[in-house]
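Okay, so chain A shows up in both of these, paired with chain B first and chain C after.
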Partner chain A sequence: MFDYAWFIFLTPIIFAPIAAIAGRKTKVLGGVIASISITISLILAIIVYIGLRLTDVPVYQTYNWFGNIDAGIYIDHLAIVMALMVSFVSLMIHLFAIYYMKDDPRQNTYFGETALFTGGMLGLILSSNLLEFFLFWELVGLCSYLLIGFWFFKPNAASAAKKAFIVTRVGDLLFIVGLAILYSLLTVRNVASPLSIPYLINNAPLIAKEVGAQNLTIIGLLFLGGAAGKSAQFPLHVWIPDAMEGPTTVSALIHAATMVTAGVYLIARVLPLYENATYVAPDAVLFIGAFTAMFAGTMGIVMNDLKRILAYSTISQIGYMMASLGMVTVIGTSVIGFSIYHLVVHAVFKALLFMTAGAILIALMELRDVRRMGGLWRRMPVTVTLMFIGSITLAAIPPTAAYFSKDTIIDAAYLYYIRSGGNIYSILPWVFLVIGALMTSLYTFRMFYLVALGKPRSKLAEEAKDPPMIALIPLMVLAFFSLTLGIIQYRFYDFIDPSTIHVSVPFMVEFTPLTMVVIGILAIAVVYGTGIWKNMDLSRSRVYRLLKAKYYLDYLFTRIIAERTILPLSSGIARIESGFSRDVEATGAGAMGFGSVLRRIQNGIVEYYFVFLIIGVALLMLILEIVGGI
Partner chain B sequence: MNNIFLNQYLTVMYPEIFLGLVAFGMLLMGKRYHDWKVYTGISIISLLIAMILLLLLDAGNETFYGGAFQINNFGLYFALIMIVSSLYVALSAGTVLKDNPEVFFATFLFVNIAMIIAAFSLNLIFIFIAFEGVSVGTYILSAYGKSRRNLEASAKYFFTGIIATGFIVLGSSYYYMATGTFNLISGVPEKGAMLIALVLLFVGFGFKLALVPMQQWAVDAYDGTSNPVSAFLSSGTKVLAFFILLRVFLVGFSHFYNDVFYLFVIVSIITMTYGNFAALSENNLKRMLAYSSIAQAGYLILVIAVVSGSSSTFAFTVAIFAAMYYSIVYIFMKGGSFLSVSAVNKDKVEINDLEGIGVKSPLFAVSLAILMLSLAGIPPTAGFFAKYYLFLSLISGNLWWLAVIGILNSAISVFYYLRVITVMFRKNDSHEFNLGSSVMLPLVTAAILTIGLSLLIFAYPQLSSIVGGLGVVR
Partner chain C sequence: MFILGIFLLLLLFAIISFAVREGAWKIATVESLLILVLTAIYAVLRFTSYTGGFMSVSSYPVDTSIGISFSTGVSALSMALLFLSAVVMFIAIFVSGREKFNRSFYGLMLSTEVGLFGLLISRNFLFFYVFWEAIIIPVFMLISIYGGKGKEKAALKFFVYTQIGSVFLLLSILTLFSFYGTAYHTFTLNMGKLLNTAFITQYITGPNPFWTDFLLFGFFFSFLVKMPSFPLHSWLPDAYTSAPYPVSIVLAGAISLMGGYGFFAVLLPITAVIGSGIAWAIILLGIFSLIYFALVAMFQTDMKRMMAYASAASMGFISISLGIGILSSGNVAYLAVTGGIFQILAHGLIMSLVFSSLYIIKNTTGSQSNLTVSGLFREMPIISTFLLAGVMASLGLPGLAGFIAEASIVLASYQVIGFIIFFIIFGMIITASYHVWMVQKSLNGPYNENLGKLKDGTKMEIAVLSFLFIIILVLGVYPSLFYHMIFMYVKGVF
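Our next item is the complex of A and B:
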């Protein structure tokens, strides 16, 4: 029988065109239909969740797609948690978007695309086969392209959409190469369904023995490339700050529920493969994640665009999740729980932060420069209070949820250091993550100070007003969860993996991150609270310039790699090509000439036809005489 | 059971007899009724009944009339698709032919009788009669229409056609001289006379398929006749001629495969090249389609080259399957594109007259584009799979060089097919189009079928199991 769980992802996909078409006349209908479809998904996901709690048997249903590829759904504890999170957060964002997009003439298209986006992400989560997974992965990529470029009349938005698409494509290329290698290695060994996810995660040690840990490492690194592209990890993170050109609700969707979590989910999904590869693959995940957590935070400090600050914070937070997954060989499968818990918490508070940012941007007519805001707490009390809740959660101040989720990861990094023999090399992740915590605190409170406190620094900020309360209800729900999700920490871990260890580290170590947060708050209070920042001229500082230029990575990618290397190469090839096509054109002209000669035989006079015919028959006979030998 | 109506020799002819009775009935009705709709309805219904009667026949490879007539699945397949092509044309014919519709449709049914007979014949006399039945019928059909051009085209077609008849009679007599029988399955014949018969029969039967050097009537005739008739001439009768070529040369000349091979390879290469090159610079839409159908005939007869030139059983099976597949696809893609010409209300339709139709009727433009892509052999259309199997058979028969020539020719043909598509989507508001249901319906049907028939590749096991019905002894 066709399991109803299929409709978790089919409903938004089916409703997407309906929302787009129905919303053409009555604008608000698009958002309502999209929200209803996601509500259905959420309800179905809850039903499946209850079923899983009761029976503990994963929902697994597949059909033969082609050859030895079986496509279908596979819902275990990991997948259902993700599905619940995506459908819930996406629903909140959709509800807010009905308000946020209310004046947009193309909002029906918008809601069609976001519903498709959510459906694609849910399909990705529930896939039972990596090829099917890849298909939805690409669907998500396509929708992100459409949505980032939703305001395509802005040149920035169009080029940002292109950038996001091309950069993630680099990752996707690595991913599919990895898939191809895995597939070919397993197919020659007569595996019944080589890319089936349950097969891969249940037989990982056997696979490692069969195909060799070295090969598995290569596959793991290629998958990591794909995940880094999607989840915006160093060095493929460059697309995400530009992706802020889309509507703010799209940013919320990309950063919280869909898109960027896909990479983390991919690695969590096939983590047994990493566990059984050589140490290179998981360590690459760990170090890239930890490094990104710190690295993106440093850039977040100097940004002046409200949404870009949040974008860098996303990159940094995803880095924590990645780093957590990378510790799998030392700490065991508990890390999936750590990582996914932080992912869920992050989704909740990041959606909240983005939507408060959206509310502020609406009030300020899309003015995004934080230096021109200020004093908004008094003018938009509800919105900014919600933002405050989001900010303290982002900075991981107890008792918010992120305190539990993020500090567990940092503590786990310390445990990693202890368990792997205490060498200097293995302390690095912990150091990176702790510095990341400091950075998080710095950019969060800098942003919050500049937005909310002080005096308004522009006319728009003076006249800002709260949006209607009804629009803020989804935000309040999210704020509630970001404050309280910490309660379920250990139940969550045990649901994902019943054998989760409880990380316990020395008292001093446990308080290091919190100390960092406090240092950050103090630093911001000193610099901004006293007004020093207005007189600071940082433009001569090298560090500042380096950060401001985003470590020259954009320069490296666009100027040096694209313009100096690839463009000359392609223009060289184009020159050869154009020479070739000139030859082809000459051939074409010759062919046309020849054709018109041939057509001249066709003069419409029947007598000539007969003559031609008889000559032809005679020639045929002659040819047969020569070659066939009559 | 001595009932005369259940006599075997009569029962195998029931579809033909039925169609004949209906046709005569129609001629009588012509005294009183002049509405073309009545006749269209009657002919469609009777063609459908004929199809059912055909399907009721016992296709058990039994022979009748002294080995001259054999009912088997292979012949049945071709008989059915030829009737399908007639049905397809009948659907749209009435609207352009206002005068004497009863004569038109009666002739049409007579042509179908001849087609069914041809599909089951294993005897040159039977084949000749059937072939002439079709020819004479189509002479009349092609004269239908409003203008003098139709008459002129019909006259040209007629004069060239009787030459072909002469060749067939002469070739048949040489065949008889060599083998002592008109049956296609015969003993080892005498060589000299047989090879003369080969060339003469080839000229005679190749006429309908418009192979070079017998191609010249085709362009004028297609161009001059009304669109439904040219659709029929280039689809139904071509499939018939192709089927006869398969039968006569692969069965009747099985001892001379070497010569058959050279003959068909040479003619095929010349025909493809001629058709494609001549179509390149042609501006008249119908003439371009006519040249393209000459080129397509060149591809079709590659099947005969494969079968005669290679001893591989797989290549044989795939080649005959390709023939069966190509034939049915060809009916719709070619018939549909000829019928689409009616969208422009002109005597001589230039390709550029289609400018702006992409804006006025996207459905028309997309449908015609699908047909053009299919003719050019671009996936996922059925035309692609037809060419795919054709070239697959060439390659598996070790004739890869011939496949290369065929593929190069396809590449050339893409140029003029794509030209139609680009012209359609150009902006131009000044043209008026006739986009009534009589134009749209057949075109859209053809487009849907051209995509849908690609599913027929899944019937490969079933269809390839009946290729033995061709009668080739291997």
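Our next item is the complex of A and C:
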């Protein structure tokens, strides 16, 4: 009865080429068609959601794809929530993009690609098989690659696209090794469809018994590798800041709201496997997530590029979602709800923030340096108000939605510490996450101060103008949801997992994150509000330089691994190869003296060669006669 | 009979192409298209309810006293590769319309196709060998007559290498032939009878295991040369680079199928006599080839040469798949071997797409070096998109044909090779890197204004390349089209 659910992801994919082709003549048509297709997806997702509420049975339809691998759709509560979020946020971003991209001559291509991306993302969410999941996983990766490099003529964009592709590819291939191990282990045990998601999540304890928790741990770690690549977790986060070279709506859609959360979704999807693995796998998720939440925040503080600040904040927020999932063995499956709720809230307010950034960049002619902005609240009051709503949500100030979503995760981390015996090692995630909250507050308000308050610090900033109101409607919708989504907190948790626990922690602990936020605001007010920052010279400070150099990770990957290891290896082997080739020729020419003979033959005409063929065959027949006669 | 009819028609077409005076290109294009359509119809008629084994089995005695008869038989393996050769030949002949080639060129191209069809439908070792040899000659002439810089050396290298391979092939066939004669006192060259595990273990391995090793060595050697695999590949870069582009398409798309076909048509039925040592050697050779060629490719600045190495690198998967098929059993083995066969098909299609778009780019810009071509997306958006699609398919992007093959092999490989799988992954990462790097340098970036104003591909070219891309896409999304029947064939042979 849910056959139409296929069209949730098929519609945008089918409409993508139509948008690209129809938009060639009438430019605006591309955006309109893409938006219509996503509206259809959204409506279908809502219908399926209502259906799920009524029947409460997951939709599962599957067909043989190849070999013993199936493909189909599997829609449970988790999937439908994600599908609703993706189609809704994507629609808002598409609507804004019609304005944002209005002067681009290739906007039809842009909308074709973003529609394809949305279809791919929805397909990923609804997949019923991990290999099918991987297909969409790579499809969205491809769209990300194409859209980062959308302004292909900019060398930075071209190079950022390449970097994004290769770094995520490393993660993806780790993921596929995990799939290979899972596949091999289950196929030899005669499982009919070894990579089917419902099978894996419903039989996880059995699988753990069959293949061993040790193997599940390895698989879990490899999946985490894939998730870290896609969701930009330490140490594979290096591609996201560069990816900001693409159009800002792309950053909003792909590198903030939807695609980068695919890694979180992957782990949430197969969380029962982590639950039944040894403690190493979920702990790795927890520690990498929590560490990234803090680590990315520190870099966000020193960035001067508006979009890069937001990029680091995305990495950091995804760290919270990851960390939440890693607590599964101690807290139970409630963590899926915590994580996905923050994911949804984050998608809404981060899309909002990126789009306000987009509106500002249009007004400032793509000037992205926050040090040269300032005072925009006078010139662009509506945009700045929207950005303010986004910022307080990002910093998790009550009563915005993120206050509820993020603090639950931080409190859960404290519960994790209590429940796992209270040793020093298990307090670390909570500490990381709390420091992360401080960092969030610091970079958010630093950004907001430099962009909106003070005096304009460049000619462009003095002459900025708000975009037309109609273009800002999608942003207002998102702002509304950023403020109000907190209301549904517990209903949301219960929808994802009916047995969700209420996290209650001591009063002091509960207010630690909020205290951190306030400290952050005060610090920014002192440093930036009074103008001290203009006279600060940090360039000597070691810490500042370390942060500016992004902890030398880019240096490690690009300079040391790529340029000093792989490239010399490649050049060495290429040299061996050409030497080898020469040696072969020398041996051949010397030993056979074949060259001169062939040169003579080559002067002949075409027909002449067929004589050779016939002579050859005749010789063969002769040999056969002789051998046969023995 | 149907397939024999197609074969004879093709032979006739080749002769016509040698003879026509005017419009050789148009005639050859129509001819190759007709062959493609007929092959597709044949596939639909005979293979929709295929359950393994051979279709269209027939035999025409030539000299029964020594067991020579022209026997035909088409398995799913041959069917997939017949389709591949027909597609590749059509594409190659079609895109060659950009240059003025004379009628012998088209005659030779169609002769190559005759050889390929003959090879793929023969079930008699004599004809198998004859066609194996016959293919070399037109290709040799195509390179040496129509090639570019260094064509003579390249053609000679190609010729010598494959000839040496063929000698070993012949020796192996003769070994089988004479042992069979001694054992059963009748002479036969029937492939089905000679490639029989019971016969080989009882009459060859039993008395003297040396002869089994000898004949396996011969087969492996000649197939690995054609594949090509490290260290027997030295002919490849020169041949690909010196050959005119349409011939490069044929080399990468169709000639490269011969080694794989040998693997799965000749060695697969006798896997039981292949020891695990040899299987491991094949796997490791495959992995080594994959990494080695990928690293060499990374350092090339000439796009054609780079893709030549990329082509060789992806052939590594075929060796890996055979080795894994030998060392595992059940569904894992089927998946690995089916993946290997699918890889031949996918690789051929993908390489035709890559080389034809490179050809159009080379023909328009006059340069194929990614150091001088830059920002092509601006001037040739459509052909650039095709090249990008080909490159993405070549690095194994899901949704395109190459992924189905690579995923099958990688998924099955863990069962046998355990964590050596990370070497395959390393190779795939390198592969992704240089492919994307090439795109960054040639298609993206600021446009090289020295190239002036360029014309995108013609409407016909776009239509034909779209057709090719759609095949690759359909095989990636709905692989069962070929996958299922290949799977049945593999199940039947094991």
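In this text, the second predicted complex is superposed on the first by the 578 of 630 C-alpha atoms of A that agree within 3 Å, B and C clash if a C-alpha of one lies under 4 Å from a C-alpha of the other, contacts with A are read in each partner's own complex, and residues count from 1 in each chain.
Methods note: a residue touches a chain if its C-beta (ideal position, glycine included) is under 8 Å from a C-beta of that chain, and two chains touch if they have at least 3 such contacts.
Remember, it's a predicted structure, so these values are computed and weren't measured experimentally.
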Completion exercise
Of chain B and chain C, the partner touching more residues of chain A is C
Exercise for the section: In the overlay, answer first, second, both or neither for which of chain B and chain C A:153 touches. Expected result: second
Exercise for the section: Check whether A:54 is in contact with chain B, with chain C, with both or with neither, and answer first, second, both or neither. Expected result: neither
Exercise for the section: Pick one for A:424: touches chain B only (first), chain C only (second), both, or neither. Expected result: neither
Practice task
For chain A, give the residues common to its interface with chain B and its interface with chain C.
Solution key: 588, 592, 594-595, 598-599, 602, 606, 609-610, 612-613, 616-617, 620, 623-624, 627-628, 630
Exercise for the section: In the complex, go through chain B and note every residue touching chain A. Expected result: 156, 159-160, 163, 191-192, 195-196, 198-199, 202-203, 212-214, 216-217, 219-220, 258-259, 262-263, 266-267, 274, 277-282, 412, 415
Handout entry: Parts of chain C lying in touch with chain A, wherever the complex brings them together
Key = 18, 65-68, 104, 107-108, 126, 129-130, 133-134, 137, 141, 144-145, 152-153, 155-157, 159-160, 170, 174, 177-178, 181, 187, 231, 234, 237-238, 292, 295-296, 298-300, 330-332, 334-335, 338, 375, 377-378, 392, 397-399, 403-404, 407-408, 410-415, 421-422, 425, 428-430, 432-433, 436-437, 439-440, 443-447, 479-480, 483-484, 487
Completion exercise
Touching chain C in the complex, chain A uses residues 64-68, 131, 134-139, 142, 145, 149, 152-153, 155, 157-159, 161-162, 165-166, 169-170, 173-174, 176-177, 179-181, 183-184, 187-188, 562, 566-567, 569-571, 573-574, 577, 580-581, 584-585, 588, 592, 594-595, 598-599, 602, 606, 609-610, 612-613, 616-617, 620, 623-625, 627-628, 630
Completion exercise
The answer for chain A against chain B in the complex is residues 588, 591-596, 598-599, 601-602, 604, 606, 609-610, 612-613, 615-617, 619-621, 623-624, 627-628, 630
